[in-house]
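By letter and in written order, the chains are A, B, C and D; residue numbering begins at 1 in each of them.
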Amino acid sequence: MRDHVTRREYNDWVSECAALAIACGYPVQRSMIHDSVGLIMGQDQYAAFVNGLWSREPYELFAIFEALNEPAIEGLPKAGLAWAEYGGLCDKLMIVHPGKFCSPHYHWRKTEYYEVVLGEMDVFYAPEIINDGQLEIAIDDMINHKTMPRGDRWPDRVVLPNGREGSYERLTEYRCLRPGDPKFVVHRKHLHAFGCPRDALTPVVIREVSNYSHEPTTVGKAGLLEAWQHIHDNNFLHPGLNESRLSNTIVDG
Amino acid sequence: MRDHVTRREYNDWVSECAALAIACGYPVQRSMIHDSVGLIMGQDQYAAFVNGLWSREPYELFAIFEALNEPAIEGLPKAGLAWAEYGGLCDKLMIVHPGKFCSPHYHWRKTEYYEVVLGEMDVFYAPEIINDGQLEIAIDDMINHKTMPRGDRWPDRVVLPNGREGSYERLTEYRCLRPGDPKFVVHRKHLHAFGCPRDALTPVVIREVSNYSHEPTTVGKAGLLEAWQHIHDNNFLHPGLNESRLSNTIVDG
Amino acid sequence: MRDHVTRREYNDWVSECAALAIACGYPVQRSMIHDSVGLIMGQDQYAAFVNGLWSREPYELFAIFEALNEPAIEGLPKAGLAWAEYGGLCDKLMIVHPGKFCSPHYHWRKTEYYEVVLGEMDVFYAPEIINDGQLEIAIDDMINHKTMPRGDRWPDRVVLPNGREGSYERLTEYRCLRPGDPKFVVHRKHLHAFGCPRDALTPVVIREVSNYSHEPTTVGKAGLLEAWQHIHDNNFLHPGLNESRLSNTIVDG
Amino acid sequence: MRDHVTRREYNDWVSECAALAIACGYPVQRSMIHDSVGLIMGQDQYAAFVNGLWSREPYELFAIFEALNEPAIEGLPKAGLAWAEYGGLCDKLMIVHPGKFCSPHYHWRKTEYYEVVLGEMDVFYAPEIINDGQLEIAIDDMINHKTMPRGDRWPDRVVLPNGREGSYERLTEYRCLRPGDPKFVVHRKHLHAFGCPRDALTPVVIREVSNYSHEPTTVGKAGLLEAWQHIHDNNFLHPGLNESRLSNTIVDG
């Protein structure tokens, strides 16, 4: 049972993605290439490295290059600070290999939108604000004037990661996004996941802009605004993913 | 004295810019091409059309394609609504022809950042929060923990628009941004302006992401969140530009 | 009746095209921008400038940026020189505005192929070697083992230039080429023309590689291999276009 | 001692390169992805796979996607056929990983030129026609009116493949090519090699256009014009590379 990624496997993956990001025009700096670029979503997903990123097998892992995570509190009236954690600006490029996924989750604070710059993006989402009995405040105390648009039927070709099918069940809506399409917004507190078609010639490359990202990774956390370091804003449906920050087990070899 | 742009001049300009935007990979939709794309910054700037956009003469006008202007209030606790006008997400592509400028201004609410995707961008700015005696709240009541970085000396080659030199005086800092450079943040309440080098082979093409844009134009205003339609958030230094929303005088021909 | 283009009209056109070429990644050098970039195919086509390049009216004119025109005779056994004028390597970027065309013609010597990098290209062609009674040598004395592929029906939307419809009649085949499509070869001695759909958001931008180009323009001719300067290799069907090298009448203004 | 590449290693390499090619705008078709894309230049170069393509170790191997290899004999007067093997048109995209090389060689028939579309290309070449005592015809019987341009000094950072340093000795000239540079021509019968700087963030991606390519590989050979299948036109300096067509030993795993 694979419980790690080797240094070579990790570097090959991230190097390949960095080159693709640069080819797609994203302003990757050397400082943006580090051990938290690859997001491996749970211990059982290291199995993806047995046959490699190009095996087209369904696993939850992908790469993120973050160009900016700006709290945007400068010049804000101090009275507004309490709500600033719902604002801010974050700019990322995400790269998902064919057959791979980002695990279903929602953000309490963060609204985000996508622009596909290469390939095709399968987006899965729930059209309504999540209401799972664990909300810190009642739905009635939130602004909720515009639900997300209805999507299409899931295409038959989608093969979900083994043992994780259940966490996708509430994401009833589907959209396929392509280069040139309008920006696609996912509002905060809405369940979403995404993937790359398994028979694609290229990974899907996605620009994501969002509010400040209260990072899900241990490495990313180090760069956060100090006052916000305790915040977990990535709520995954798959059991166990929320218990701690995501971190990669990279071993020599 | 020119006091208008003809329909043909306007359409030629915007069509050329739309094609360039698409060539640069920006997801321009037909609905994003309209009579508020071209931003002509004051009555005296129509003179730019006498010799045309490629004359390399210094004037203040440029084009904006706005792909998204999202209040991002969905799912926000109602208690936070009062501060939401400092948040939100806006995504634009801006195109400035050689020798042309965006006029010096600041936003009370909006923080923004730039990514150059073609050509070179001359950025001019003030490193400190503006303090012009007209602030609605005192500097001490704002968050102000990180000033903007020092810039470089202005290059000698810059030729400012005739009669508007004075409005650039407080923008002491300069940066030249190019494709591949790190994203450049301009915080709210900081004076800024920008331009395209006059001897350039191409217009400069800039991705701008920011907080919600409380549009400076009459046409753009129509699309704003209703509760925020009264807000003016673009404060220009040049006399007269703030008195009303910017609107284009386009005449037949 | 328009019989010229003004300096400003010409420069605006070529500057716009050069910027678009660079945005599409073509290696445009300043030396490649000159008075033979714009190809205006006959005296009556200056009328295109009355309403301008973006009027979508049907005229025959487009822009060519030539990065290389290499005889490729270096290192050739001298015995092969007599046939070298059928060889060589030429690399160009062509930009056709919506509704505009390249006039029907064939080359006695030059085989060429297209790769569309932006927009859509309407290609019109004849599937067989031309046999117009004016051939210098008999069809039987040429290699002719592979005809060009059959095309599609012409789409109804095509509006041909006024008074030139007849010259398109023998180009019975049609193909629409888009970015990502296989390279499309037009063999020597085959009639061809092309255009950009009139309702397009962008000009069509085409990489053309071919054998040595025995230039149709007076300016281009100056750069040719001396021994080949007398050669005319562009045979246009429209009467009058073959009588001399094409040259632009550009007047002050 | 490594004497093969595994199926997985090979597919990972070629899949990565195909995605990068598409991201760079090259029109890759599924039929262009096969077992002759990866060019491994000799038995001892399989060692490159021990630490992988991203190890930055110096080896001679790279990927080629060939979009077109057109003899361009259609419509040629039959009397010219004897010389047609010096003509034709070939269009390729080549991808070299950091630290890797194409081995020094020359073509008897083929003139070629480069356009870098991503990264930096180290080009090494000899400025004069090769004269190695093995020429089929005398130098005096060839056209030789224009030598290649002088280059720069080799940069100190270049680390050549182990045991192959000698084959680079006669390539005294060096040029670094970057996106936007003028096309760089290598005339037939001139020694050349190239590589990607070992500390680069991306592989170098190069468009190569040339005369017809009398393929060096066994797989490529199958697609050649029948009359020309016997021709070897790739003359490598390293001993042993010329004895047969290059072919890959790909084993299960």
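Here is the rule we use: a contact is a pair of C-beta atoms (placed from the backbone, for glycine too) under 8 Å apart; a residue touches a chain by one contact, two chains touch by 3 or more.
Please read these numbers as outputs of a predicted model, since none were measured by experiment.
Undergrad: Farthest chain from chain C, going by the mean of C-alpha atoms per chain?
TA: So the farthest one, by centre of C-alpha atoms, is A.
Undergrad: Express in whole angstrom the distance between the two chain centres, defined as the mean CA positions of chain A and chain B.
TA: Each chain's C-alpha centroid was found; their separation is 31 Å.
Undergrad: Between chain A and chain C, what's the gap in Å when you average each chain's C-alpha atoms?
TA: Each chain's C-alpha centroid was found; their separation is 47 Å.
Undergrad: Could you state the distance in Å from the CA-based centre of chain B to that of chain C?
TA: 40
Undergrad: Can you list the chain D residues in contact with two or more other chains?
TA: 22
Undergrad: Classify the inter-chain contact topology: is it line, ring, star, complete, or other?
TA: If you draw each chain as a dot and join those that touch, you get a single closed ring.
Undergrad: For chain D, which residues are in contact with chain A within the complex?
TA: 8, 11-12, 15-16, 18-20, 22-24, 28, 30, 33, 51-54, 118, 201-203, 205
Undergrad: Write out the stretch or stretches of chain A touching chain B in their complex.
TA: Of all residues in chain A, those touching chain B are 22, 25, 27, 29, 67-68, 70, 72-84, 86-89, 91, 111, 113, 115, 117, 129, 137, 141-146, 179-183, 185, 187-190, 209-211.
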